[in-house]
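Each of the next two complexes has chain A plus one other chain: chain B in the first, chain C in the second.
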Partner chain A sequence: MRKNKAMIFWFCLPALLSLVIMFVYPVCRTVVMSFFQVESVTATTADWSFYGLGNYFKIFGSASFMTSMRNMLLIWIVGGVFTLLLAMLMAVVVTSGIRGKKFFRAAIYMPNIISAVALATMWIQYIFQYDYGLLNTIVQLFGGDKVKWLGTDLKFWAMTGSFIFGSVGYYMLIYISGIEGIPQDLYEAATIDGAGKGRQFFDITLPLLKGVIKTSITFWSINTTTFFLWTKMFSPIDTESSTIVPVIYLYDMVFGGKGITQRDAGAGAAVGVVLTLIIIAVYLITERLFKGSDLEY
Partner chain B sequence: MKKILSALLASVMVLAMLAGCSNQPSASSNPPAESNPPAAASQPAENNNNNESTGGKTITMWSMWSSGEPQANVISAAAAAFEEQTGVKVNIEFKGRDVNKVLAASLEANENIDIIEDDYKRIGTVYNKFTYDLTDMAKAANYDSFSYACLNNQSIKWAGYLNAIAEQPQIGGIFYDKDAFAKAEITAEPKTWSEFLDVCQKLKDAGVAPLAQDSAYCDFAFYHTLVRYLGEEKIEELDLNGGWSGTAAEQAAQDIIDLVKAGYFVDGAPDEFPSSENKIGFGLAAMVICADYVTAEVNNNTGTQVNWGLFNYPAVDGGADNGAAYMGANSLAITSYSQNPQEAFDFIMFLTTGEWGQKLADDAHQIPADSRNTAPADLTGTIETLQAAESPMTWCAGLSANADIKDTIKSLCVELFEGKYATGADFCAALDALY
Partner chain C sequence: MKKINWKKEARLLPGYLIVGVWVLFTAVMLFWILGASLSTSREIYSGQIFKFESGFHWSNYADAWNVQNVSVFFGNSLLYSVISCVGVLAIAAPAAYVLSRWEFVGGKALRIGLVIAMSVPVIMVIMPIYSLSVQWGIKGRVLLVILYIMLRVPYTTIYLLDFFSTLSRTYEEAAYLDGCSGPNTFLKIMLPLVQPAIITVTIFNFMSVWNEFFMALIFTSSESMAPVGVGLLNIINSMKYTGNVGGMFAAVIIVFLPTFLLYIFMSEKIIAGVTGGGVKG
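Entry: the complex of A and B
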């Protein structure tokens, strides 16, 4: 069939317009806004006043923002290591030919089909509950004293642990699809050559999953930088420093919080730009680290 | 032919997309406002039953409740009754508690809204550029005679004019279980800090933990003590500039530390909301520092009917503001660009006073906005307290003045109730380290 360039253009136009109006324009506006003092996110440009890098100095000089960045970094590193390793382990186990493969796959993925609000409520009101919660019941069974899982010392880790629980299944599915794409011939040949399961994992599975790992790290970075709901659930009335993350800081800056009437959309925009730059940086670093990982087999 | 067909199809898609992006209200859901000029503020509808003067109009209200909540059910029923009486349709959109996240932007965009509903402080300070001056309409309705002067005066102080009508007045203090007090043979509510400590000891001796405390309200609880010692203005000054050490804030923190050390908080406190306050419903704790909605929360959560009482936070020796009490309101306001302000005001009066005001108080278990109505049994006395109050204490406004550190201050307050500080001076030093 002969290519009709005009037809391609007209059919692409709606998608292009949507992209420009709903994505490119807001992104550009946010970047520009981050250099201005703007109270309301919908204020007209006539109400903007140029502020240079003032918003960036403001957020990096803010104790709350720096705490939120530290929290995000911890979720990214600690949560990332646990989530991706557990997901990899589960994926390898589930694809190893064990009985009940479908059941385990569904069971591990199940937290992803439950509303995160319900999931967080279960953790807060049942598992971590001080008086009759699951964890303290177990602790007491072994003769220990009840632990304040949601006290200021442990709240962040309680939240991160719950988030990991809700995330493992998603990454497990990604790894399963990657593992199932690896030809069985390679494993058969390795088995004939006397390679054990461990050797096969480190010398076949892992190298051939580099591309998938790269993708999952990027996804995890995006999930971490847009971390929002779990903080809201673990700090139900108002934000607390033990659970604050940059998106919550941004949200409070732009819209105000309980009892807070100050708003600063310019600073909020600066936070948005910083987060975007972080995601881009992570993407570029993983691209460099996993260079040449897109193998065909 | 193919080219023409392709071009037509693409054009239709673009048009459909642009139509979808339009913010014009559809005729079916949001009929356009009529072109008649706003009703004179000084001429309220004298007869709500006059269908000829107001019939056929539609007003739009953005509510802070979620559909299905008791407040939402009453508002919907009131709107139906109002339409039946006046012919004015009230189109209600239940936006939920986070309505404040979208209201400012929507008002700036002149969204088709006549009535907004939110915390009266935000109405007075954030939305005030977009709110209608209700002074004349309120005067004509003799609003002063049955509303609460302290709330009206506060709205006027913030906005410069009366721009909010209280729908759900709130009052804070120490809510307690009268039965627990009776069990501990406590006959009088404490008025001073030493009397309060006596009450705590008697309760403890009677086998009831004196105080429940959820971490979500730790800053609110500590704020009461701070206000007693320093007053709100001084707290705000310290919050903005630091310098807590060496002030009476040290004694305020020490008072909390002493409560913790004496074992006056229920096991697990500060707990995750609402676990600790629920312990009053389970008979494990006797008192909680909160606003009046705690009574309904505990009753609903635990399925009990606690015999509630309320007293103001006790006075401290040499306190700067020993009489302050938290008072606030979720209120209703009319947009400055509303085409039907009089109809909107009539609906607000219809909803918050008389029969529907009483229903709102009963069903939502709240203090009536109309002081001529009756408060639910366990909120007895709240109307009189609100009427007698002169200037209300805010919800931690002093501790929230510095937005950059308010989250950290809140966490420090939780740590204070966790008993992490040996002395009040240590706590104030931790506060000063934030600057």
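Entry: the complex of A and C
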């Protein structure tokens, strides 16, 4: 087959331009901008003044940024443990030979395909609602007093809980595809050797899923560092310290929010760079921890 | 129908309970929202929603659609999703094809760049994009559509690339001998062959644009160009003053339906696509 250079060029050009305009140029500019003092996001480079690590000192010295990092870390760890464990549990159950496997798999994944704004609204306006909400109805059924799920104390956990519910299905699908890739004869041999279901899970399934678990941890990290929508839904008007996350901090800083007297795009860029470095660090660490996990079988 | 092996089913009982409770919870939530969307605010507050004593209040839907502007948000989202899906294919499919077929200078770099771009967080690109759009004077609907298209190019190209690589080269050789030009071969022979992949990737692009929120929030300057996500947030915020709970739930159902219906009919294809495409990369 002849190589048609003109065709290769014209066929690749639009994709190349998209990549450069949408990703390469902006990422580079954001990194550079994080070292400059830039007030408005639309300021031309002529108005930038070099600031060294000033933006980084500024954000790490800011109480609300540190709160947002703390919240993010909590979502990452607590949310991550619950989401990945629940996803693993669901994946094991769904592949255990139950009837209606396809139905259960589809139903558990469903929250991922609907608008997250709609899903969050369902949780806020129904499940956690004070007067007629599901949780308070159940609480009253058992003779308890109504709980303010969306009050300052519980809001963060209400948000994290509903976020977990919305995320489990996706990770379950990843684990299911991993489990279904494990050859069935391994389990048959183990059964003949007298290994119980639990033993089989810990000695066969889990070790062989290392690569998939690694992938899921990386995805979860990207997911939590870019966490934004759920905070916006749980604190729609004013940013609150109970639900603030770094992207919200960045958003308020760059595009204006309550309590921000002076916009600071340079600091916003620094937040972006910090979050990206966190993602890269998590990726490299899991890559190292799960080294040699891409087993062939 | 196989005979039910009760002993086996009994052993699986804990499993049934776990997934059963999870799915039941989801179902209760959806049915309640549906019921509430057909009730008056007073019925909702007094917990009377499934009796429908005052009948079905379809007026909630009319109210959401007309008064609360859901029709506008819905139209916008449809417009953004459909144009973006077509536009991204026009850019990604040709690139995926030549990348899968020939080795050329910069080809590998482009491919790696696209893979990396798939995991670049939006926050790293949003600020320069914002200033570029102001500088070039692009705004509103046009800007959003262009951004959605470019945002989906990496994923779509990589997804289609995998499928083009599975096709045999004999098709092109035969076409070449018949005097068919390169671009023509691509359009008339190769593109139809990857149709299943195009459908799957388009479903994903559609759902992703339909549900997109962050960019829409930043780049929609007026309510008239807001897509459903941003529109719904506005409705909820104003509900505090209007007190129209039923209308708000009707809006939730309207926003929820399109991707949900798509899912009902294509769940197998969608689920296969989730773990088939990008995940292993």
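Please note the rule applied: the second predicted complex is superposed on the first by the 275 of 297 C-alpha atoms of A that agree within 3 Å, B and C clash if a C-alpha of one lies under 4 Å from a C-alpha of the other, contacts with A are read in each partner's own complex, and residues count from 1 in each chain.
Keep in mind that, in the parts below, a contact is a pair of C-beta atoms (placed from the backbone, for glycine too) under 8 Å apart; a residue touches a chain by one contact, two chains touch by 3 or more.
Values in this document were obtained by computation on a predicted structure and should not be read as measured data.
**Student:** After lining up the shared chain so the two structures overlap, which partner does A:Gly80 touch, if you call chain B first and chain C second: first, second, both or neither?
**Tutor:** In the superposition, A:Gly80 contacts neither chain B nor chain C.
**Student:** Decide which partner touches more residues of chain A, taking chain B and chain C as the two options.
**Tutor:** Looking at chain A, the partner in contact with more of its residues is C.
**Student:** Let me test your reading of the model: by the given contact rule, A:Leu173 touches which partner, first (chain B), second (chain C), both or neither?
**Tutor:** Once the two structures are laid over each other on A, A:Leu173 reaches chain C alone.
**Student:** Tell me the contact category for A:Ala116 with respect to chain B and chain C: first, second, both or neither.
**Tutor:** second
**Student:** Quick check for you: in the superposed arrangement, does A:Pro14 touch first (chain B), second (chain C), both or neither?
**Tutor:** both
**Student:** Considering only the touch criterion stated at the top, classify A:Lys102 as touching first (chain B), second (chain C), both, or neither.
**Tutor:** second
**Student:** For A:Gly161, decide between first (touching chain B), second (touching chain C), both and neither.
**Tutor:** neither
**Student:** Should A:Asp131 be classified as contacting the first partner (chain B), the second (chain C), both, or neither?
**Tutor:** After superposing on A, A:Asp131 lies in contact with both chain B and chain C.
**Student:** Go through chain A and flag every residue that touches chain B in one model and chain C in the other.
**Tutor:** The overlap between the chain B and chain C interfaces on chain A comprises residues 4, 7, 10-11, 14, 18, 21, 41-43, 124-125, 131, 236-237, 251, 255.
**Student:** Write out the stretch or stretches of chain C touching chain A in their complex.
**Tutor:** Where chain C meets chain A, its residues are 8-9, 12, 15-16, 18-19, 22-23, 26-30, 32-33, 36, 44-47, 90-92, 94-95, 97-99, 101-102, 104, 106-107, 110, 113-114, 117, 119-132, 134-135, 147, 149-151, 153-154, 157, 169, 172-173, 176, 182-183, 186, 207, 210-211, 213-214, 217-218, 228-229, 232-233, 236-237, 245, 248-249, 252, 255-256, 259-260, 262-263, 267-268, 270-271, 274-275, 279-280.
**Student:** Note which residues of chain B are touching chain A in the complex, please.
**Tutor:** Those in contact with chain A are residues 2-3, 6-7, 9-11, 13-14, 17, 21, 100-101, 104-105, 108-109, 121-122, 125-126, 215-217, 219, 267-268, 270-273, 275, 394-397, 400, 403-408, 410-411, 414-415, 418, 420, 434.
**Student:** Flag every residue of chain A that touches chain B in the complex, lowest number first.
**Tutor:** Per the stated touch rule, the residues are 4, 6-7, 10-11, 13-14, 17-18, 21, 40-43, 62-65, 67, 124-125, 128-131, 146, 148, 150-152, 235-242, 244, 251-253, 255-263.
**Student:** Where on chain A does chain C make contact in their complex?
**Tutor:** So the residues of chain A in touch with chain C come to 1-5, 7-8, 10-12, 14-16, 18-19, 21-27, 29-30, 33, 41-44, 89-90, 92-94, 96-99, 102, 104-111, 113-118, 121-122, 124-127, 131-132, 134, 137, 170, 173-174, 176-177, 215, 222, 225-226, 228-229, 232-233, 236-237, 247, 250-251, 254-255, 265, 268-269, 271-273, 275-276, 279.
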